[in-house]
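Multiple structures are listed underneath, in structure tokens.
Each of the two complexes below includes chain A, the first together with chain B, the second together with chain C.
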Partner chain A sequence: MTALLKHPGYNEERLQRVAEQLPCREVQVGMLLSLMGQPQQYSYPSVFIYGHRASGKSHVMHVLMKELELPHATVSCVECVSVVLLFEQVLLSFFGCDAASLLPRSPSLSDFVRIYRQQCSQSPAKQTRYIVMEKAELLRDTDASLLPALLRLQELVEDNVTVILLSEIIWDKFRPNTGCFEPLLLHFPDYSKGELQQILSQNRHSSYSAEFYSTYINILLGVFYSVCRDLRELRHLAALNFSKFCEPLAEGKVKETDTHKLWKHIEPHLKKAMQTVYLREVSSLQWEQMQQMEEKEAGALRGLSAHTHVELPYYSKFLLIAAYLASYNPARTDKRFFLKHHGKIRKTNFLKKNEKTSNHLLGPKPFPLDRLLAIFYSVVDSRVAPTASIFSQISSLVTLQLLAQVSHDDQLDAPKYKCAVSLEFICAISRTVNFDIVKYLYDFL
Partner chain B sequence: MGSRHAALTDTPSAKKKKKTPSLESYFVHCCEDAESSGTRFGLCRDMWDKIKADTEVLQDELNRKILDSLLDFTRKSSSTHHHSDWTSQMRASEIPTAALMLGVNVPDHDMTFQSLSDLLQQSVTPHVASVQAKECGALKHLMKKVLERLMNTVVVVDEEDEEENMQTSTQLHRSVHCSLRILCDWYIKCATGTPGKKRSCPVRDEQQQPPVVIIFKDLEAFNPRVLQDFILICSRYIDRLPLTFIFGIATSPSTIQHMLPYSVSSLLCIELFQSLSCTQHLATVIDKLILTPCIPFKLNGKVMQVLISIFLYHDFSVRNFIKGLQLALLEHFHSQPLSVLCCKKKQALLNVMQLSQPNLERIRQLPSFKRYVEKLEAQEQVNLMTSDTHLKEVCQKLIKDLRKYHKNYYPVLRCLHTLTSSLPRYPLGKQIRELHLICLEKNVWENEDYQSAMKLVKMLAKDELVALLQRCVEILQSSKSKNMKNALVQLEELLAKFKQLDSAAEMAPTVEASITSPIKNLQKKTDLFQLQKTLLEMNESRRAKRLSPFENLRNEALEFIDGLVKSHLSPPESQTLYEVCYYSSSATVRRHLNATPRTSIQAALSSPYYYLQNDRLKTDDGTVSSAAPDICIAYKLHLECGRLINLYDWLEAFTTVVSAGEGNDPDSENFGKVDEVKHARFIRAVSELEFLGFIKSTKQKTDHVARLTWGGC
Partner chain C sequence: TTRHATPSIPSRSLQTQQPANILEEARAKLHVSSVPESLPCREQEFQDIYSFVESKIIDSTGGCMYISGVPGTGKTATVHEVIRCLQHAANMDEIPPFHFIEINGMKMTDPHQAYVQILQKLTGQKATADHAAALLEKRFSNLAHRKETTVLLVDELDLLWTRKQNVLYNLFEWPTRRHTRLVVLTIANTMDLPERIMINRVASRLGLTRMSFQPYTFRQLLQIIMSRLNKMRAFEEDALQLVSRKVAALSGDARRCLDICRRATEICEQSASDPNSTVLVGMSHMMEALNEMFSSPYVTAIKCASTQEQFFLRAVIAEFRRLGVEEATFQQVFVQHQALCRVEGLQSISVSEGLAVCQRLGACRLLLLETSCLGVLQRVRLNVSQDDILYALKAN
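Then we have the complex of A and B:
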């Protein structure tokens, strides 16, 4: 901490505030500050910071920039649908609206550099300017020249500017084939359990003592640490369940210090939270309402994945069944299943060497439309005219994502599909039409 | 002849109509009986307007519950947004999301979304944007659509002018690239109403901020990548922009989990809303539109069957069902001249008096009317056939009878349905529409299922039976017809008797004494023959045994119901003049609603005469004239081949047929020779067939093509 406080060129009081806001990230902040040097000094052209979700990358940068009042532009790459937005935002934050409006309609990188230099000559940097790019992994999908250019932007625009890339992915996955300027790498490790405890305990409820809240966090981490280390999520869960934790206290049954009783009270509740609200099966709003309700009523609320039943028109059901059979049975065996006088052919006759594994383990295979229809006509019990609506049902099954079109949209000739539903789902569907699908599946012969 | 005459006399008005081609002129054009077509068009339009209005009201009623809860949800989510207590500061700010389960009947969803966004705009927030998957292939497009819809609907032009100086940069580029930041600035400006510094301080007043609602109409069809990015972006602005999402989901809510990874779905606060299932929806529509005497237009059993099977087998779409009803309505009024009588009672009686001579003749030709006449005395028959005024009078009476029939039919149908709908295995169907179809078909009481249903009703426990009868009473109470009022009185009397039984129940002595003696005998004898005999005897005696008062009463009640059914549930075909109200051409409806493209192509290829209207092409069935178009000849020839077709053989056969068609002398040297022109014609015909999907090239044999279609359909 002392090392942090002694950075030359920055106000000590401000550094103090920074340190307060960034617990458990002292090492990283110290490193960053020494990389940045004094405000007026040139800094390293590009820094690459990586670490898992919610390991404090953006937060650290945000606090540093804000508290030390450094000129900066923060850009989230996910938001930059096109590079224009990226350029615009950088120019806007450094030079104001007028500069941003100078960009032509569809600017290239060189337009950006030109305008930057032009503006920069009018208002040269007195201290290092920073461009913080969040979710930098998305830069890989954009124009190939963008990332290398950003990495040495300092050279290109001849200004005291540093680009800081924040990413959840390591640098090795970024490096372009053609090579590029290597940024400085900085890793933000995950918070340890102790650190999480320390950080979470900081935002305690004002009407309870710090110790009490710390106990609560300890219990919470005991349940959730094994599944979730995401600080943001943990904080969310802490907020959702705290009122339940305080319940026995409010009723006067226990004292604040009676940790064991408190634990007994909250533990099953937290376990339940792990299965429901943590997985977003139940929304946090509903979870809060549930806490106020009686135990019995709360049981009635079902999660998202509990509703799997799908109503389909009669022929759609059979089309889906036919698609499933086509996807999971080898085409050679169709004769065996759908011809009336197929004779006695045992499974071993069909077995090829590589087909010993179950088709269900291999996943659905693509099939052409005519095979689907041939199977459909043999499984559906009545005679069906090949009407237009049968075909439109196939395409609506595709839009419902129950079937997937494998061939390209443009291919009108013999489109290929895959069945995208699970065995459980198709069994439920075939039960409603009294069709014993298991009898027709090669895997279960 | 009569109709042409009428058309001639009607020329002035017809000319007038032609000048302004309207719906009516389309209707009147090539209509069966031109004279009354104007009236029929009016009737048809009125009735359709009524049906349409009714369905809209119905739709609103059905959706009210779910829409209300959605409105509540958006209101609540916007109000909880700006809490300043500890919990809401601590918890992650999620985007409130409503997952609206709508079922797979996608065509119906539009109407729901329309009324949802209308209601939202009226009562919750002006900022509503709905997007569809097909217009949002990329994130850019989605963003653009959302921004366009949100900002264009609200931003007034002159307001923009004031802002122009300050916002030039953003205004200029808005069409090129749009980010949520712009939306955010715009929203804050909208909310405060005063142009000025945005990025409003977070400690702003608690005043209600209208949420920004984005409706994703068809979630399944969206590109998951686009959706994920969009949600990620939105979540960055959620503390400044009170966004609310509504996902329209056709299948099941687990779709959300399939489409969005945990890192994205954890940004949403998803609440589930289940809308009414489409079968329930259809049941209500049928109940309100079909099973009511208020709308004189009716469908006969076959048409009804076609519409319902399209619904159940193909699309589950109530909207398409109503479209089918509309088609039947139009067809009926268009093709049946006597449909002038298919309207409200007063109007119908009036129209009877104004029937023209040809129309009266049509009435005399109606099968149902003929049947009616045959039953009358000879003198009366002659009267009806000769005197127009007498016919008109009789017609008035018959129309009244038909109305009475309908007024009695529906209440009795409902009563029968109430009694039988809860029986095990549902002998007469679970839904009232199934029972209705049975009744339309033939005399329901001759149906085996009816008899077994009645037997099952007999087995009902007393309290069950009484409860069902009580419900029948309620149904009959709502009917105003005289017959039904009589029935109501009788039924109430029966119910009263049942209640008396209750009080007298304890007094009834058991009849067991008579049974005991054979049982004693049975214990004595072990002979098989004797045993059988005694058992038979026992059976006899049990059957013959005196019925308990409850059983008596129950039989009485059932006989009463049976009587009602027999007198009122006869099929409409038995009613005289039923043709006036009932539309019966199921083939037309099927052809229009459930098209079979392949069948029509095959029909065109095998009998081109019907399409080209050329007499030379007319042949005896099975053959194709050699003068037919090339493709028809090639098609006909390919039907005679197996799975693989040898192209050369096919060409030979083709040239032979074509040469014969050209009238060449079969004995001449050049007959059947392949010349360049015929070769080219053949190649064109084959490639046309390939384009239509009848053949395709195959790798098995290079000079062969594979045939792709089999069978007649």
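Then we have the complex of A and C:
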């Protein structure tokens, strides 16, 4: 850390504060500071910082800008649905709202550069100005000239300005086809297990000792580290389950130092949390309420994905069943399943070389409307007239996203569909109409 | 804040310098913008256009003429000369006076701007495109007696094409009306333009009065240069022969020919030790200028590329030979690249560096690439012939 504290041009106290707020990022911060140089010096025109989610890219930039009080504009590319907003934010944070109001209604890049230069000549930069672009991968989808222009903005506006791009995607997937000014690449590596432990242990509960909390974090990482290294998610889990961990302590059953008993108590609970909380099946609030209620076992509540029961009209159910059969059965087996006098054909006769794998693994196949109706008439016992209501039920199944139309939207005569429901769902539906769907599925023959 | 939306050439504050020596004088005379009084080698075309326009003016009727030819064959210059001669004749009261206006398709932001410009040049009125079209329509359909003929020159006709072709239709429709007294001269590059892009009712109104300007032969090019130099001794005879033969073989573009001659005088001036000595532009200078103009920049680019880039190009060719198709994905080429590096005893590079190499080659258009979002799956094609690459790689 001593290397970090000796950057010329910056206040040592502030650098100390930066170092305190950014644990385990000393190397990266040191690198950034040496790239930035002294405040009045010209910095490199553009820096590209990449790393996984929650590796501290935005946080490091935010703390550096705030603590060292550098002139900066932080722009999130998700918010900037049009470039106007981007230009406005940059001008606003550098020159105040007068400059931003100078922009015409639909400004081009040259408008922005013109106004920037004009403002800059009135108030030239005493320090390097920084534009921090978060989620920079969205810049690729905007106007093709925007990214190359931002990369050499220093040259265009003739001002001491540096553009810092933050992204989770590597630079190779950014490079425009016409070439551009190459930015400096800076990688933020993932936190190791030890570093995660160190960072998570920092925000401990005030009423318990530091060792106790660090034990808790250790147990938590032992369970979750193999599936999740995202700092934000782990922090969320740590906050959520801590009250359960402290329960035996509050009841006076164990002491703080009795690690083994605490572990015994929390471990099955965390295992369960992995199934429910991490996927947000049960919302965090519900989870906390459940922990309060002693009698109710965790996970007894039905999660979001358990609510797969949908009430459908009688014929819609059969239409959906027919669609499922059409999607997952090969068309040449229809005769065998749905005709009355087909004679005996064994499955081996049907098997072709490329059909060793199950159709359920390959996903649903598209089928024409005629086939759907043919299967529908054969699975429904009674006589059904092809009324408008049958056809409107098909199209409403499409709007409910239980079916998916794969052919073009305006095709009236031979539309094609796919069935978009799972096996459990269709089994549940066929049970309600007393139809044994497994008997009709080619995969389960 | 003032905005200078219209780009313009900055105005000259100093006087242009008078040519000091014979080479500078030759350069001034060979400049493309200094069009001579009479165009050599275009006498026949001049005569045809002149008699066409003159007869229309004298008969006080209207008509269309379509002039085509590859760039640099003197179409616009000839028409301008015809108009100049006609105006001279009108001043001498040999023919009735006429009004000349000129529009250029390239100078318009939109084909419909043609109406606005024609109206402005006819009457000085300013109007929107729709309004101008209505005003022109009224003006040309009015049976009131018009005093003088209007000659309209439309340069770069193909750019006035719209989907409904109403601009072209109107341009050719107006002269066919009685009492309009409008002569339309249209210039474009392709000979079969009316048949290719115009619908029948437009092409038929254009009529069959067509003229095509053939590219200059080497004798004509030589004559043009000689007439421009006007017996000034700045070039060796052989050098002029060489440049006119080369250009005539390639395109027959007079402008290109003049440019090369001017470049050769510059080279001659640089190579001369004493600036005041009178040196003729010789074969060597001309050869150098021709090489500069005609040699392919691709070969030079490949020769000057870095080692890894040259290896990558070699890997692309190797992969194409293996696949038998002129297209491969980056990862296929990269496998070849690594093998090549191993054979040559070079340190193999990472995928990121390989992508950087590939995308740099793509940026200078030696390769044709898909968007870089696709990463290693982007397909690679060559923009140069394989022979060119092999030639360039073998040379060093």
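Definition applied: the second predicted complex is superposed on the first by the 422 of 445 C-alpha atoms of A that agree within 3 Å, B and C clash if a C-alpha of one lies under 4 Å from a C-alpha of the other, contacts with A are read in each partner's own complex, and residues count from 1 in each chain.
As a working rule, a residue touches a chain if its C-beta (ideal position, glycine included) is under 8 Å from a C-beta of that chain, and two chains touch if they have at least 3 such contacts.
Here the structure is a predicted model, which is why all the values come from computation and not from measurement.
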Chain C versus chain B on the shared chain A, clash or fit after superposition: fit
Superposition-derived comparison: chain B or chain C, residues of chain A touched: B
Partner chain(s) touched by A:His309 [first = chain B, second = chain C, both, neither]: first
Which of chain B and chain C A:His52 touches, first, second, both or neither: neither
Partner chain in contact with A:Gln118 - chain B first, chain C second, else both or neither: second
Touched partner set for A:Leu285, first chain B, second chain C, both or neither: first
Partner chain in contact with A:Asn177 - chain B first, chain C second, else both or neither: second
Partner chain in contact with A:Arg140 - chain B first, chain C second, else both or neither: second
Contacts of A:Lys66 with chain B and chain C, given as first, second, both or neither: neither
Superposition-derived minimum Cα distance between chain C and chain B (Å): 18
Shared chain A contacts, counted only where both chain B and chain C touch the same residue: none
Residue ranges of chain A touching chain B (in the complex, touch as defined): 53, 76, 78-79, 81-82, 84-85, 88-89, 92, 97-98, 100-101, 103, 105-106, 135, 203, 205-206, 232-233, 235-236, 238-240, 242-243, 279-280, 283-286, 304-305, 307-316, 370, 383, 385-390, 393, 396, 399-402
Interface residues, chain B side, partner chain A - complex: 77, 80, 86-92, 94, 96-97, 99, 101, 103-104, 106, 138-140, 143, 168-169, 172-173, 176-177, 179-181, 218, 220-221, 229, 232-233, 236, 250-258, 262-263, 265-266, 268-272, 274, 277-279, 310-316, 594-599, 708, 713
Residues of chain A that touch chain C when the two form their complex: 102, 118, 140, 170-179
Contact set on chain C toward chain A in their complex: 1, 352, 355-356, 359-360, 362-364, 369, 371-373, 375
